[in-house]
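Take a look at the structures listed below.
Two complexes follow with chain A in common, the first pairing it with chain B and the second with chain C.
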Partner chain A sequence: MRSLRREPALLLALLAVIVLVLLFVVYPQVQVGVAPGFSGYLSFLEGGTWRIPLQNSLKVTALSTTTAVLLGFVYAYAMVYSQMRWKAFFNLIGILPLLSPPFVVAASYLLLFGNRGIITYGVFGQSPNPYGITGIWGVQTIAFFPFAYQLIADVLSRSDARMEQAARNLGASPWRVFWTVTLPLSRPGLAAAILTTAIYVLEDFGNPQLLGGLVTVLPTQAYSLISGFGDYTSAAAVCTILLLLALGLYVAKIRLDGGRSFVTISGRASSMPRPPVPAALSWACFVGCLALAGLILLVYGTLLVSALTFAFPYNLRLTIEHFQYVATGSNGDALRNTLFFSAAAAAISAVFALFAGWLVQRGEWPGRRLLDFLLIMPAAIPGIFFGIGYLTAFNQPWLDWVDRSWLIVLALVFWNIPVGYQAAAAGLRQIDRSIEEAATSLGASKLRGFWDVVRPMLGGSLRVGFVTTFVRAVTTLSLVIFLFTPPTTVATIRIYQLVNDLDWGGAAAFTVADISLAIVALVVFAFLARGRLVLGAARA
Partner chain B sequence: MPETAHVQVSHLTKRFGGVTAVDDVTFDVPKGAFATLLGPSGCGKTTTLRVIAGFYDPDAGDIRIGGRRVNDLPAHRRGTAMVFQDYALFPHMTVRDNVAYGLRVARVKANERDRRVNETLAFVGLQGMGERWPNQLSGGQQQRVAVARALVIEPQVLLLDEPLSNLDAKLREQLRVELRTMQRRLGMTFVYVTHDQEEALSLSDWIAVMNQGRVEQAGDPWEIYYHPRTAFLADFVGAVNLVPARVTELADGAVTVTFGPHRAAVRRPRETALSVGQDVRLCVRPESFTIAAAGAVPNGITLSGSVARRAFLGDTMRYWVKVDDREWIVDQPDPGAGAPLDGPVSLSLRPERVHVIPD
Partner chain C sequence: MTPELDRRNFLKLVGVTAIVASCGGASTASPAPSTGGTAKATGRISIYSALNESTNNQLFAAFTQATGVQVDVLPLAAAGELQTRITAEKASPKADIFVGGSSEFHDPLGKQGLLEPYKSPKASALKAEFKEASGNWTGWYTGIFGMVTNSGEMTKAGLKAPTSWDDLLDAKWKGNLVLPDPVKTGGGYIFIATQIFRFNRDEAKAMDYMKKLHTNIRAYIGTSPAAIGEVSGAKAAGAPNWAHDILTEKAKNPAVDLSVPSDTGFEVGAVSIVKGTKNLAGAQAFVDWVLTPEAGALNVKLSNRGSTLEGVASAPGAPTLAQVKLVNYDRQWATDNKDRILKLWQQAVGIQ
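Right after this comes the complex of A and B.
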């Protein structure tokens, strides 16, 4: 604290960060939380309209999380432990879903299994009803098992290969080692991975919205209350219930893993080789992964093919008509908006998070634990809640002079703050304090030391923060669904609208374009990172 | 050496939660001195140094540098520079940029900056290494860069926290000499932290020995080594014989003690009050003895015993000599001069080499 008083510039910077966090993280959430008022909550709770959606949310979350985690576990085990072939390929396929809006799985599912679906109708001549809990369950399983895979693989690859090697040398079989050494050691990490997956599922808006039919879950209920009835009060109350559930899961997760990141896009550290598993097991892993990768390819292949043909599956002539449609007029604007909003948000969010992370991790002032919590908390806030928060707080007549784009950009910035913040915290843990102190003792103020020494050394964290935020911004639907206006429409909104209009070709082409944006970002990122590796090698 | 105090620490206390790392510490470092804080690991040396540097705020007490109270100055305005145990070089800057950093922050003009960087690199023996990256240097070279980076800004006081502890023994000895030479040539005040008593004794003009957050004794190395005020100090700064004894007579400048069947008149310590009948300890360094085969001409205090064990240390031979029922550690310099002793020996000791410590 005294050190802050001695450096007024640092104090000002800290106050600025606190004010921004209060304004753009805390204030909108509080607005939603208090919007219904006490009597509002009472009559809402008495009304009981929340009971069924709550039950559905819980049921769907339990079902989808279970299956997604099981499949994700198989994939992760195979990737980390087995000696199967094609690992590079499976790794690539496993990343693909992270780069796409989760709800396009629902679109693909409707194309394949809907009442005019390619498989159900085209192959079997049936017109089943694809809507309802089962549909949501199946789609969410496929949409989120890749996330579960990333989280679980991260935990498994952190387990100590030396310990497993030692157990094997003592004569234990691979399975035995896995059950008696690896699993017990990774249990907290695995539990945290399960909870994180559960949060993803719980907060999913797009899939239940497209597939729910008459079945509502909490996020879709909040949406229809606003879009159908303009009932902000009840929507806020529904959102609050949703937030409490998510926060509960999140707090439990933090207890388990100390608030380690949700899926961020960075190279996982290559671990030391693990003891080999029997060939038969590797083959089983291979077959399992092939099936799962096949599912993923089916989802995205369907979209790619329908994006490239006139009217899949009835008219399979190749065309670029859908892409032309996507690139022109308001659609082109939406795509451009996505690019600009996401890039701006990712840049601002990564830089702000890095600076805030440094202030919190290195500072010695009262209240830093609270700021730490506030910077991590948005990870637990459902996009739909965050969006309604910004709508309630900032969609005010006296703010009409501000370009609406800012509302979306700011929402993206602060919703994604935890990504960059956790990357910065992880990076700072690698940098000894004495390096900063060296700068200070040579005459640099703390802020100057941050700029000259910490910032250049945290380039990796900055890139991870930027790319992950960019990808999350490109793929989110729930956050922006209440914030867009016709001139500020983004790709995910258009995809959602086109699916609703049953314009499959357009929706598919839009999805392909959207995913391409994310892939380009990732490739540029990998290129930049390689550039640094090359530089490092030249120096070594 | 000029005797004006340059760094003054008064009644300094620093706590971390429940741990009192530094407990009411007071000392003055003379201007231009090579001053050392010596003590076992965890005794609060680093904490003291970091409070002086401004990295920690003290819970109580004042720090003055050149007579000016610096408690309220941030670390970067104190005129101190620090050399860290792990060097803390900036990994993303070349050697030259590392060394130039402080000058750049101080907005020194480019041509003067270059001149001073070159001079300093030459001073620490790193000519021609300016374009290397820190990870291309050996540990010793990295340490030189760390020193150069701190020296180049011409701080009033240079603070060094165990700068040699990560180096191997040979290099440590070499850099020790170099550091001492640099300090002499620059006439700069150094405050040096180490847990290595040999290092402290060989480098310093002035030593403060710390234990459990307090300064046990401060003074010149000679004083600390031969006239420690407590048994802890005697033991910490080198091998020692600590023998229980009793005061039987007090005179001006002399004190008569009995230990076992022996009786001797030895130097009376100036700063400790003694009374007849008091239990004390005699502190005798192993090299203070002369050891010879039994029957040699006695000189001063003489003890007869027999060799129990011995160890060849290269420059000395160390004997454990059994006298009555206790073993004395005795060092014989230049052991190559004759065959190692065995069997009965006699030890002789000049009375002024015995130091009395109250029990």
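Right after this comes the complex of A and C.
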């Protein structure tokens, strides 16, 4: 509080963040929340159609979060600690599952592992029923482990090698070091990863929609209320239930943290290498990651083959007509829009999330817990409601002059803040305050301390925020479906149209184009950022 | 630097907004109420279309050629989303026309006062069931609920195309049948409602049917097109589904067959004018045009759907409302009782 009074610029920045969050997270969501009205909520709750989806949502969230975080932790450990080879390749593989535009990737799983799946039936002669909890669980584990992986890897890479070296020197086995030093120190990342993964699983719509069978979860119920019945008010009521669940998860996470200190970066520089893990463990990591990579590549390979054949899998004649279609008409514009919107949103979202994370973690002003929750909340809002909220709030006659691209970018920014914010918050808890305090005692303002001292050390968190936002923006359908206009159509809208037109080849080709574009863009960004993010990267 | 930039842009936005708001008040006069039909249609109209992608381009190009009115189309082959979007946009409507999708998606908009009633002179000959009495929406095409089968899988299982929905209760169908999920898809719900009307609204009998059918169903599929995909990809022998979509798939995969069991349900595809339209004459011209035999025939050709006009022939191989035996489908009742029926169904099949 004292520093706020001393530094009007800091106070102003804080107020700006609060106003932006109120305007672009809270206000649109209030529009959705009040839509059903009291009687709408009452009749919906009495109707009781939400009970089974609620139970299913809780069950699926518990299962998928557990396995996804476990897988994410193993993957992160392998990437940060082991001496396995091909790390650059595995890093890309670790992002790929995030690049799954709705429907198409889950459909690819069905082609491989369904009851007539190429693997299950073609290779093993089995006809499993892919629909139901098991199917959702399996695909969500693969689809959401990247969130956990990125958050945990960021925290692990910042943990202090000296403590582990000290433990080893005192005679502890690598196993004991892992359990008593590495794991406890990665708790903020682990907690952030569990919370974020759980909230994203809770909100997931695409996988349960395609693989649920009779199993309805809350987001698919909400979506089908809109899509099948145009029943917006009941759908909004479902959305409110989702938000309450997210609030519950958030409270649970606070309990889990217990307000301990996890500082591992103090004023003194650490240049000590990590204690080597046994060679056998490195090999085990390599084999495990390779197996996972094989599975993921198989899924995306199926997609590529679908795009290149006439009508996969019953007409395997090679063709480029699907890609020719992608290149026709306004389709190129859709791909270009996707690229521009996503890049703009990722840059803004990553920096905003980092700054907000710093304000919340380092500030001592009242109400920061609330802002903390508000910055995580968007993860629990199904994209479709985020979009509807924006449309209701900002489609006003007096705002008609604003180009719709802005609204889409803003929606992408604020919908995707949680991961970058969580990464920044977890990272900051590992960095000793004394580093910034050194800067402020030398006369720097708090803001200057943030920009010159903290930001360079959080390059990893910034990167997590940027990459996740970019990748999710490239692949979101539900968020833009209510916001796009003809000139601001994006790739996923076109894919959705093709899926609805039963044009599997065209949808696959468009998806391949969309994903390739995203990968090329990420590689270019990484190249461009190399000079600037070097400080953050050097710690990894 | 970006938060600064963000804030700066935001402030700019606020500033410009204030300026526009302060001088905008004077210039926006409400448009004079139209007398309808008499004004010459010109300019552009914005169309929210739930029609298939393949239909949109050619249909709207033909409209522009016939009338000179230009079209901006917002295509989204999901009428529920478009309905919700029009509701959410009511503060500043962006659409002039909402076209496509069953009338169930247009009707609530009319009740909320979000549609501009228009009784097209071209609609006077239509049967009463094809139009809303006060002119909120007009039906211009029809879709029939049928059955998609895969010839290879049918032979393997020793099955014949069903002539009645009761045929699906045959034990041979066990594990060979998929159904669009009644909770998640409009088609799946129309299937249940059809059964209720088939049993003269005896809900107990209809639920008994659904319960028996449940034992034959291998999976409930999240979208209607995906259920056709299951059958086309030989993952199931058959699925109840939309006849026109089945015909579209049949053109790609000859193993796919269409049949229409008796006492089936259907949809009336509607067109409506959105209240607040900035080009009423253009919007009315569009409604008039889709009700011409030329437009009807073009839509039949492009989408395999039927036309509500008596004189328009159906697509080759497509069933017509006159040929198939329909149930007495009460659209209003089906809409009003949706929640209750779905709950009954969930109880009947034991998922509640």
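As a working rule, the second predicted complex is superposed on the first by the 305 of 540 C-alpha atoms of A that agree within 3 Å, B and C clash if a C-alpha of one lies under 4 Å from a C-alpha of the other, contacts with A are read in each partner's own complex, and residues count from 1 in each chain.
Assume a residue touches a chain if its C-beta (ideal position, glycine included) is under 8 Å from a C-beta of that chain, and two chains touch if they have at least 3 such contacts.
Nothing here was measured: the structure is a model prediction, and the numbers come from that model.
J.: Of the partners chain B and chain C, which touch A:443 in the superposed model: first, second, both, neither?
T.: first
J.: May I ask you to decide whether A:516 touches chain B, chain C, both, or neither, giving the answer as first, second, both or neither?
T.: A:516: touches no partner chain.
J.: With the two complexes superposed on chain A, say which partner A:227 touches: chain B (first), chain C (second), both, or neither.
T.: In the superposition, A:227 contacts chain C only.
J.: For A:180, select first, second, both or neither according to whether it touches chain B, chain C, the two together, or no partner.
T.: neither
J.: Touching A:324, do we find chain B (first), chain C (second), both, or neither?
T.: A:324 contacts neither chain B nor chain C.
J.: For A:430, is the partner it touches chain B (first), chain C (second), both, or none of the two (neither)?
T.: The answer is neither, since A:430 touches no partner chain.
J.: Going by the contact rule set out at the top, does A:401 touch chain B (first), chain C (second), both, or neither?
T.: second
J.: On chain A, which partner's contacts cover more residues, chain B's or chain C's?
T.: C
J.: Flag every residue of chain B that touches chain A in the complex, lowest number first.
T.: 53-55, 57, 72-77, 80-82, 84-86, 88-92, 101-102, 105-106, 133, 135-136, 146, 149-150, 153, 159
J.: Within the complex, which stretch of chain C touches chain A?
T.: 1-3, 6-7, 10, 13, 16-17, 20-21, 24, 28, 52-54, 72-81, 83-85, 87-89, 91-92, 94, 104-105, 108, 181, 183-186, 188-189, 218-223, 225-226, 228-229, 232-235, 245, 248-249, 252-253, 255, 338-339, 342-343, 346, 349, 351-352
J.: Using the touch definition up top, name the residues of chain A that touch chain B in the complex.
T.: 2-3, 6-7, 432, 434-435, 437-446, 448, 452-453, 456-457, 539-540
J.: Using the touch rule from the top, collect the residues of chain A that touch chain C in their complex.
T.: Going by the criterion above, the answer is residues 13, 16-17, 20, 47-49, 51-52, 107, 111, 114-116, 129, 131, 209-214, 216, 220-221, 223-224, 226-232, 234-235, 311, 313-315, 347-348, 351-352, 355, 388, 391-392, 395-402, 406, 481-482, 484-486, 493, 496-504.
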